[in-house]
């Protein structure tokens, strides 16, 4: 999730025909991958063209996961829309990213729109994953090549329990993996927060403040992803629908719990960042007090002393004290007395106490 | 939306008969335009008078969109109210702008009240659009000439899919275009926010603060438009009513999603502007610390030194040090030592560290 | 609404018998006015005594609006309670002002409790209006003589549409006029807000702050009136009840909309006053920075220079520089150099930039 | 309500058998009073022992109000629990104070738990009143001797309307009196608030701040009492239950209204105290600005002048100005010019304006 | 609850097969304890192996509480899962701590997930307790050896009332004891709060601030435990389910009340800590004002005096005052006058008043 994530939204010009796809041609060209399996059979094909795809999908008794990576070509998207009979408004949501995470039921399938967040090359990356679930296929669209779903693919390849389940379970496995990845991002943010916590008190400063602000910004955006994600999954759990069996709904309840926990962490972080801002302001106030105390102590001690010295630096012809033999040491003594008095006054006020 | 948008409201004096229209005669005179079409026929007429209008509307099997721009003449509004059989309270809502966006069902039609926001000549402009939807017509009232609906008109002229649909779909196209235009305004505000974000830290100052305050003001007003708009459209989606077909309701669900996304952006902006205020205050606090540090360092170094110089500027007759040969360089040395001690003290406190 | 409005509440001592009236005898003596009309007849009588009142009311087919102004006599209130058969708890609510605005249904009538706010002699005045609606009468109680309802009376006198409607419509006209008057108060507050907005930035100061605080106080009290008013009217709109016809309910929906818009304005004002407080604090922070900058610049330039002057004012016997011919101009030159260095330092830090 | 009210809670050690009573033996010994009456008969007995009590209660056709003051003896409480057949968990709630105000329905009675707040000897005192309402008795438990219910007892003694009503009405009279007493406490707090309002601006200081904090603390605790009280009473109004007749429910609705008004006042006070804190901070900021202005004006005027004086106090052998005849008055003139310039500069900046 | 409690969460890598247990082998090895009893019989066995366990459990007519302490061995957990027929997702929740407190119904049992908080060795410790309730057993899993449940065990050993009740009552006793222990932690926090309250005003400083921040952090985490705990128990109270009898549900209502009271205290503490932060900031502001006042008073008195002294220290050849006999005492007198004037000015401004 780069920092301006939600500021930049691809959408067709206002007033366009509904279903208009807003394609950015610099985005990757759609690559179509297929994994099709039953308990005994397993087929995996990469970079299919649409015609090949039709040949291998829709086999009864088999789970077909069609994974499209890249949204850079309108024609391919339209063809896929025709093959899988997708509603134009759903296809619009696939192409015009980012959408708010949501679930929508269409006549022939369930449409689930999520955001996949992962850490690639040290940076947080975010892309939309659109999932269509029907009786005969699971169809996913991703914005870019590469994703976090390899563990799911490996479980399919290994012939694990997942091979005995239906399309809905495959969808569950995908959603579960996407949600679990939110934790890794939250962990990165939690670490930033912890280090800020320590540094803001010891060495408050401008850059820390900017970091804190950026962290709040990221948490605010993440909140805007996590909350609707939770609601969408909650809808899957609660609502009866034709595409998710009761048995699998139990697993979705588990994902729902995970999303709740992620939100819980997020909320804690958000609360703590707000507190940190307060802490920072108080810290600055403390520093200012410290600085002012130093200035005030030095000034109030030496300004009166300098005045005394100034008086005896005057050039009046008749200043009888000047001729007195012990005047100089006496005046020095008076100065020491004034300084001591001042120091005692500050001591009484507790200005030397170390807080 | 000019800054005092919601402060200024046109309404008849309290206690007036309900249905009283509060007409501002300096507003543009109502201009009546008509677009009437079926799949095969298309008729467009501008600046009709009411009699001509009656001739061309209410043809069965045809969609008639009557668009009235300008609210500056009570008589014309009353005549139109009679022609289309509008409830007096609805007509009052048309004339006494601004109303809070809302939807109301009357016996013979659905009344939808929205605000159209657009950017004209660099400024944000806002006007009320009142939409009446019935089986036989779509009637819109706008406050001023000119609007954002030309893409819709062009789709009608081109003979696009819209020509095959009913009055409800035309209403949808209008509402959709109005809502999509909210994004353009949000984008302008997002840009202001981004530039403020950068500048408030680097060059905090009075004007930036006023800009931030004005931005918050605009966002607060926009919120007061977007939230009820979302509620009104949500009501259209949820409630069964006689004027919107189930098929078209699906499209309104799409508009509802868009309004949700606009609100989502708005909320993020509002949150960030609040954070910016905090950031600004912290920045100011930082600057103050910097300024005070400079003052304190200079003062605490030189005030004691000046005192020493003052002491040896006294004119006492018996000050034995004054006669000592190396006294002057020794005193200079002592001064250097004091200054160094102070500098070391500040260094130890970390006051020279660059934050 | 005087400033301590909600602090001062008239209520009988705790533990009194329910229905106890808490009468303040310095309040005006109840004045009973009657307007009774049908479409063709019209009767208006002022300052009736209860016996006369009975003679003229309860005529079938006629609307009777009995308006009682002043609550200063318990006996009169009790007699009226008997005549109109009011529940003791309702009569208690009439006398023990102020009540929170509310609607309550009794066996023989509907009881509506509102606050009338108006501007009289430049000050905001607030009093309770208690309205009883039954099939055969509309009965209103006001705290003081004089009100905002003259436009309603005039419509009745003129024989307008209102003469064709029932008691419920008369009640609507009264409620509508009361709610519309909230706008005039809001407008006054909006003007205060606007002027504070401008002044708090240009000339922040103590009195402005107190004004802002008082404005917030007034808005907080107004909120406590407007929200329950809205709820009460909303209850009239939603709930079926025997005293308001379906046709009139539509008009109440209009009043409900108006109350919503008043709340909307109020909320905006409240939000803006909060922002203003922040703005004020930031402004003060800005001023402080300005003041400190001036002090710091002057001090850091002249304190070192004074030190140099002090050194050469010392009276040591052996200070070789003092005898050098060009020493004086050289020292002056050094001083200029120090001052220039300081100025350059401040310039580099941007302290002379005008923010 | 003493300040640590909710911090100190008496409860048995964790893991105890449910129904364990946590008795503080220093609390007053339970004193059992009985008032029993019908419309014609009246019996009042104080300090009964349980055996005597049984003799006088449970008479059909009579209202019996058993009032137990003091919770300092477990045995007595247990015996009373047996006599009136109280559920062990209810008895636990009676003894283990404070409970959150609530209403609970048991098989044979209704259990209502409230807090009585009163002002005794100038301090706010708070104790729990547990009320059991059944068909044949009203049983109340109070923490300490003395209460606010004497007006109710007097009404019973006087043979007022209350003598014609049932147990439920007696319960109502008790609850009504307790709720009405909240106002007296709110009034005391309102007065504190008003005086703080005036003083915080004129003479802001540490003690005022502590007072404000304590007031907020008290309001926060009061909120924790009033809100659940309102909910509990609301439950009595809404829910049909066997122990409160429909006729009496109308009276409870009145109490509910009173509790709403108390909450309304409380909320206003809470809002205003928050504003006061802001006002205080702004006031401090104002003072600081004032102080700094004085310092800056004096310093920036005299520091440069002192520098000039310092220059001509130097002892260089060759300072030609020193010998010039009019040099001294000229230098004095320059000093006046510098000071005037500074003053003009401050005047231009508006530092002398009185805010 | 150590401070980073919710930051550290054990969970299997994203994309794992559901039901994967994330075991930390450094955690204690599971120790299986059994208490089995009927009204007449009582059996207690410690550190059983699974085979022994099977022998002693599932006896009809007996309550069997199987308590597993330590989660450090996957095989044992799996075996236990098989013995008691636990759903894989439930077992996953047992092992992958911490979970958010919740209740879930499975086909053969009720699963309740809570957090046990206790004070051990002066530190707050937190661990997850997973409770399975069925007709024939109560099964609990704890993270570590040692718990707060000994009072429950003792009641069983003593043959108290608990021996007459079923499995659901045993579960109640466990939950009740866990919830009651929250108070002890709240009490510790309340004490910290009270001491901070006193110290933050008298001796505000950096460490206090950090303490306050840490307290807020702890309260924020505790809130995240208490709220879902309340919801989970509330679910037990409201929902009919096969494992908790109506009679026992009444006891759970009591626990629910306790959890409400704990939340109530928590909320009060949270509110007060926020106020304390404000108080702290105000205190700092006060201190700053004090410091600045001292500096300003000293500076503004002596800086003008020093200037006067400086003037008469100048070495002009012609300064006629210098030769005047009484000039010196006159100048001293002027100085006293200036100082007195300044002091009077500060007195008038109220700077010497003690706030």
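Order of writing sets the chain letters: A, B, C, D and E. Residues in each chain are counted from 1.
Throughout what follows, a residue touches a chain if its C-beta (ideal position, glycine included) is under 8 Å from a C-beta of that chain, and two chains touch if they have at least 3 such contacts.
No experiment lies behind these values; they were computed from the predicted model shown.
> Identify the chains in contact with chain A as well as chain D, in label order.
A chain counts here if it touches both chain A and chain D, which gives E.
> Starting at chain A, find the fewest moves between touching chains needed to arrive at chain E.
Between chain A and chain E, the shortest chain-hopping route counts 1.
> Suppose you list every residue number at the chain C-chain D interface; are over half of them used by both chains (same) or under half (different)?
different
> Averaging only over C-alpha atoms, locate the centres of chain B and chain E and give their separation in whole Å.
42
> Using mean CA coordinates as chain centres, what's the gap between chain A and chain C in Å?
Taking the mean C-alpha position of each chain, the two centres sit 42 Å apart.
> On a C-alpha centroid basis, what's the spacing between chain B and chain C, in Å?
That pair's centroid distance is 26 Å.
> When you check chain C against every other chain, which residues touch at least two of them?
281, 285, 288, 292, 295, 299, 303, 306, 310, 313-315, 319
> Connecting every touching chain pair, does the picture come out as line, ring, star, complete or other?
Basically the chains close up into a ring.
> Can you check the complex and tell me which residues of chain D touch chain E?
So the residues of chain D in touch with chain E come to 4, 6-7, 9, 11, 13-18, 87, 89, 92-93, 99-100, 102, 104, 203-210, 213, 216-217, 220-221, 224, 277, 280-281, 284-285, 287-288, 290-292, 294-295, 298-299, 302-303, 305-306, 309-310, 312-315, 319, 321-328, 331-332.
> For chain B, which residues count as touching chain A in their complex?
Residue list for chain B touching chain A: 148-152, 155, 160-162, 173, 176-177, 180-181, 183-184, 190, 194, 201, 250-251, 253-254, 257, 260-261, 264-265, 267-268, 271-272, 275, 278-279, 281-283, 285-286, 288-289, 292-293, 295-296, 299-300, 303-304, 306-307, 310-311, 313-319, 349-351, 353, 355.
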